[in-house]
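This is the structure I have questions about; it appears just below.
So that you can tell them apart, the chains are marked A, B, C, D, E and F in the order they are listed, and the count of residues begins at 1 in each.
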């Protein structure tokens, strides 16, 4: 069983962290690796960045299909390109926001999301709605740390932890969903500090894909997720055509 | 890691089937067993049956807690007693309707539920709403086979398969959720026959609990799922007090 | 016309209070009595208590049917076992949360619910959704008094009154729904104190059942509320089978 | 206790029928009468008619207030002027669509509305949403009989009965709500014919108002339903100013 | 192309202001005028006022139709009589709340409404829901100035501006919708002061009607907006019959 | 006032048609042109195509900003890249699905969408929800013509017209929204044939942008639509960084 975690930004250091968090939960029979997108933004902090991370993500899926990968994790909390990736891949593709929110819904009656910049909060709320998780999502809170500062700011751990504590109190929620792949390695620390379940989507999505593969399930080939109709592409993205 | 699957009806033959379907997907390090409720209805086909299956279910959880069980599956598609079970157990508790619907939402844009008697369709729809899955659930269809006939009626496999085929066509859906634990062993057959993902909640919930345990997550002890306040109980159910 | 109010907890003193509040509004031609559940928790303060109050409630309905009772009130704000009770009874069954919320919706644009312990607030919110009253329900507020303290704590009246006053101000609501049968006798006092409509579900549900009977209406025997299919029950609850 | 049923169209024959249906259910201590609007359309079959029935309705409320009426029923299924009437009256005001839908929600899991002309179906659906009853309202069906034909067309009873039968089958519903005050007297007949609960809003609203008065409840004077601010009116409607 | 803006209250000074705001945006080929309702309230500040403004509005539509007007704006933020006006007119009719909310939804992810008296906030929220704009409308805030004080109170501009500033901060919104036709001329000032888009519905609705006419679109004559069925009217409103 | 219509696919013939439809409604003072995306798919018929059309679209916006364009139309019914485009542009950006659905909501109580391939129907439904138009959108119907066949198949006009006729009857809708920019020139024909309002999003969005500019409104610079934070981009898309 081969699972690939795709970091849709181009920062390799972040991929390394993500890979470790995924490996920590994957089963013994799972071959798991993480790859970095080959084109696009260094971090994803706007709709613009997110849209422009999708070609790199889809190229990574295409490489994965050729290499026999069975399932994929999209390791950015905006779940960029999820629908397109599902059309392209034969097996399951799961986003980390999707997996984290679903996971939180099994543990309590409501969760808070703690994200990086305030401008990404709307995307998190849109995804909660898309996945049917709006009734569980009691609030989206920004800690106003840029994505890459999560790895470089010496106070990052403290800032995110306090934002989680504040969010739980403000929302009366039972659990916290970490709103950025770059927060994955903070998960255990925050859980210990604030005493409620804290969910990292990278680990959650890895296990979701692994479970789907164990169940023998793949995306539905009927309807909207069937392979995209082949056609010419031109210009910079000509290689995406067929 | 110890997982217990609880059949909340009192029919042992059905428990055996359920146990096999759960064991087929559980990981090597998972100690899994299935138990039959010690009191209540032989099958669950009404709100009345469902309500009266809960004391037996809760007794099984209480035994499990004493025996060091880490997580539980409630193996009836009405997910009876889920909130109460979460209060009682320290670890995760997942219902098969909950797990199956979540699983289906990763694979396509909409699923159909195929259940036993028409009178149970409303409960399935209520659960879809509760779990946030209403936007994915395109229809609930009954095959009008009683629960126990799934194991005794020689035409059961054919009847359920055709109901699934019809449901997918009528709803324009991408996947099928089997609406009864008793249908678990039909899953692979139907998938092969109709060519779309078919989800059995018993297997799906087993992996969901296993994933939650791997992630180190348990129900939130804060708020609504904290242990119930102790108090006297009288009469037939006196043993449930404390 | 015979109406029976069922207190689904086992505290007889509370039944007496409930009966008085119901008798105060029942019509001259209505034969009304209140009964105490014969088994289950002394008070209902968790999902666990609520689930385990249902067998006693259903036994009371069964006795009522044999005794020629025409309609029933379920006198606990969690409306435990409502669907099952409707299957079992030939005539109407109404919960006090259901009746109180409907009643409040005729009087203003939004109401607040004031309940006992915070952990029961989620159930009240679930019921508001189930009954279509979420658009009217602006907030659920706990006064953090245990149910039985309503009758024993000398400050209970003051505490509940102040919680109601605070709730109306916080929610900008027009009315208050009392979130516990044990608050029924405080209703007139609080209304006088805070100057907005205050609704006690015991009285409201009594009149709702009485109205349904006057209209000649009973639960629909078609579909989901038809009598439950007969079947064997085993163990502690064997007497519930047929 | 004085209750007045207002027929907001100007057809006196219809008022007489309505009064009989209301009197048939009112309690012994209730003084009930029905009045006909003094200005507006002979029947209400469009948004235009409905809007223009409101001045007559409000004039009737004003007369009622002067005459010591305690509560009002608005006897047209569009519930015209309900918010304005609640501002004007000191006591409760209930519409027949409102009362009928609430009543139906106590009896089954879903109801069908059967109305007169197809062009009024949208209003019924709007009201279902406004009252929170959309989850119970499975369909709105027109029998395409004009309102006044209900009293004059010799086939009216048969046409409406068949429309109800068809609606229940098409919607899989448990009950029928009659979508016009002019259908009130058909209620018992249709119920007997099709074997499910059939609800006439005139009777249902009469008992709802009577119950509110018995509970000592009136519209909330706080917020949106406070008496309208006095001000000059000019032209045809000058008498409505103050 | 003839567009008529109807002020449904009877205050001519307000009509003059409204006409100026509409003329300022209308195209060169558009013949635009504003008219004052000939009967009804001097200002609209309650459901009562709103309902009683509709006959005057409909009379103005009828005059417009006879005079060859192509499209109409209803210049009160309650959008009184919109459905009835659409039945009566052959061409498009647009309300200012409708146009303003739609316009705001193109500019940001959420807007605040700032209205006059608190008692009108519910109507604004109802309209947001009706138009599908609830997901964009983050709050409705009252500045507690009566409608006519907008033109006479020397502090009106300051009070409304500060209410807008506060609303944006409280709601985290991107834009402001002015909740009264009488605020139209404050629009540019407030926008300059608080630095977010501020939308006046009078101008927005004028351009919406103009666009619909340019597109050759009129209300649909099929279904609910077909001309109302002719019938006798009696009493004060007899002239509205046919 | 300069408006640019961007065709996000790379088929120039389609751009020419789109430009004509936009020019036909633009005002005399509007400088309008249409441009073709310089990279991406020849037509947009999948999530994959849609995602990969966004880089070309954003490049066109960037060129437009440098060239002094005031506002933009995104001329594909999937409204690709709308959020990202709004971050990038200083002025208004409107999608054709967005504009068409809003426009239809002014004309009737419900509309049908007629689109090309069935696999794009889900996207249309998602957009209806995003824009708050789900309550107006009664159905999405595919005519199963590929996008480019709209210009080459000699039966295209007939096929689309019949699909519109069928959709209106099936949905009981009042209006039709054409679900592809390539259908723009069929609009007047279909309207004449089936007798209900038919809306082409290209013309509708052109006028929406023109109206926003006339009103002096631009996207909100506060919050989510502020310019994206600058950062390095690598690989194929390096030129999108800053």
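The definition used in the following text is that a contact is a pair of C-beta atoms (placed from the backbone, for glycine too) under 8 Å apart; a residue touches a chain by one contact, two chains touch by 3 or more.
Here's who's who by UniProt: A, B, C, D, E, F = Aspartate/glutamate racemase family protein.
Only a predicted model underlies this, so the values are computations on that prediction, with no experimental measurement involved.
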Chain whose average C-alpha position is farthest from chain B's own:
E
Among E-F, D-E or A-F, the pair repeating the A-B interface (over half the contact pairs identical) is E-F
Same or different for chain E and chain F, when you check if over half of the residue numbers at their contact belong to both copies?
same
The distance between the C-alpha centres of chain C and chain F, rounded to whole Å, is 53
Per the C-alpha means, the centres of chain B and chain C lie apart by a whole-Å value of 29
Per the C-alpha means, the centres of chain D and chain F lie apart by a whole-Å value of 44
Contacts with two or more other chains, residues of chain D listed in rising order:
109, 122, 223-224
Residue set of chain D touching chain E in the complex reads 10, 37-43, 45-52, 54-56, 58, 81, 83-84, 86-88, 117-119, 121-122, 126, 130, 146, 223-224, 226, 228-229, 231-238, 240-241
Name, in rising order, each residue of chain D that touches chain C in their complex.
25, 27-28, 92, 94, 98, 102-103, 105-109, 131-136, 168, 172-175, 188, 191, 195-197, 199, 203-204, 207-208, 210-212, 214-225
